[in-house]
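Structure, as structure tokens:
Lettered A, B, C, D, E and F in written order, each chain numbered from 1.
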Amino acid sequence: MAKISGRNKLPGVVTKVVTDKLMAKVEIDAPGGIKLVAIITRDAAEELRLRKGMKVTALIKATEMMVVAP
Amino acid sequence: MAKISGRNKLPGVVTKVVTDKLMAKVEIDAPGGIKLVAIITRDAAEELRLRKGMKVTALIKATEMMVVAP
Amino acid sequence: MAKISGRNKLPGVVTKVVTDKLMAKVEIDAPGGIKLVAIITRDAAEELRLRKGMKVTALIKATEMMVVAP
Amino acid sequence: MAKISGRNKLPGVVTKVVTDKLMAKVEIDAPGGIKLVAIITRDAAEELRLRKGMKVTALIKATEMMVVAP
Amino acid sequence: MAKISGRNKLPGVVTKVVTDKLMAKVEIDAPGGIKLVAIITRDAAEELRLRKGMKVTALIKATEMMVVAP
Amino acid sequence: MAKISGRNKLPGVVTKVVTDKLMAKVEIDAPGGIKLVAIITRDAAEELRLRKGMKVTALIKATEMMVVAP
């Protein structure tokens, strides 16, 4: 994973995968009680064989992240 | 924060803000030892008065997140 | 809304919400006769209780916008 | 413009272009008093010869837009 | 196509279009044996009348591209 | 590379890297004479040690790609 330019790499465990005809929703538990949700293609979910309990890394480009102040 | 459609909201503390003429890099410590990096506009960093020690929320749309399998 | 780093915040009124199993299409009328279309998760559309006639704000990060010259 | 898959096409007038070494910030006045800000490459700003007073179209993919409820 | 700020314009031929209620998957053969996959709205796929054999251009903003080193 | 959900993986050779304080522009020659341009963080460019002549893969999520019809 160190060789991908994307700056944000969050380790986690897949808790749920829901697939539709083209897309898939992947729910991931990350450290510190953080819940993540990724929408990817169904093709990708099948190719990666994503399933509950699987260890994965969520990858986010720094330019895709917003910041919200309280 | 509950009223934004973006699914991924990670609480954290700003550890560093570096600004250039147009852009700013914001480093954030999230729970579980996760380090985040967001690239936003300098205008936004100034408007939000982002600085070290400030509590913020990183916001990421579910469609912007990739998944990497081991 | 002033505290989100995303630079583009367009006020509007929801004119139509169409949901599929995972995703939702939200059509919004913005000022000046502009028609917007956002694709978000169905979960988000339900959580925000989006429906026709509701006032919302479309949010777009400056790095996600392209410019087209005539 | 009708032949681009991106769903959101906002007409406007460039009010300001600020360039850095790699990036450029383009401020655009859209109808209804909406102010837009796009961050694009400096190369693109130069190729399109963007300058104050120029009519342009802001282009945003539907999947890049979030919705915020009041 | 020269007047769009998006820096990456890949010519190709549509090899497959699969539509769901809201989204469409467009598979494109680009030069050099490259296979591309775009997820766009069904509305866009219909408006552009995308179909097998059609020549199109895939458009990607430079800030949306990651780089992976071997 | 087969284990990343991102659907578009274009092999290429770096032809130029230009860095600014926060960002870097990476120009890549892909097969079939395609020229690619990625804007990533300077941190990433340094971590991956990107330089002219290096073989890399450009990675693009399917939802980030638009389609343009002639």
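Everything below uses one rule, namely that a contact is a pair of C-beta atoms (placed from the backbone, for glycine too) under 8 Å apart; a residue touches a chain by one contact, two chains touch by 3 or more.
For clarity, every value in this text was computed on a predicted model and none was experimentally measured.
Trainee: Could you give the fewest steps needed to travel from subunit B to subunit F through chains in contact?
Mentor: 1
Trainee: Using only Cα atoms to place each chain's centre, name the chain farthest from subunit A.
Mentor: Between subunit A and every other chain, the largest centroid distance is to D.
Trainee: Pick out the pair in C-D, A-C or A-F whose interface repeats that of B-F, meaning over half of the contact pairs match by residue number.
Mentor: A-C
Trainee: Per the centroid of Cα atoms for each chain, what is the distance between subunit D and subunit E, given in Å?
Mentor: Centres of subunit D and subunit E (C-alpha means) sit 21 Å apart.
Trainee: Centroid of subunit E to centroid of subunit F, CA atoms only: how many Å?
Mentor: Between these chains, centre-to-centre, one finds 16 Å.
Trainee: For subunit F, what residues touch not just one other chain but two or more?
Mentor: If we look for residues of subunit F contacting two or more partner chains, we find 3-7, 20, 23, 25, 37-41, 43-45, 48, 59, 61-64, 66-70.
Trainee: Run through the chains and report each pair that touches.
Mentor: Per the contact definition above, the touching pairs are A-B, A-C, A-E, A-F, B-C, B-D, B-F, C-D, C-E, D-E, D-F, E-F.
Trainee: Under the touch definition given earlier, write down the residues of subunit C that touch subunit B in their complex.
Mentor: Against subunit B, the touching part of subunit C is residues 2-7, 38-41, 43-45, 47-48, 59, 61-63.
Trainee: Using the touch definition up top, name the residues of subunit B that touch subunit D in the complex.
Mentor: 3-6, 20-23, 41, 43, 61, 63
Trainee: Note which residues of subunit C are touching subunit D in the complex, please.
Mentor: Checking each residue of subunit C against subunit D gives 1, 4, 6-10, 25-26, 28, 30-34, 36-40, 44-45, 48-50, 54-70.
Trainee: In the complex of these two chains, what residues of subunit D are touching subunit B?
Mentor: Per the stated touch rule, the residues are 18, 20, 23-25, 37, 39, 63-64, 66-70.
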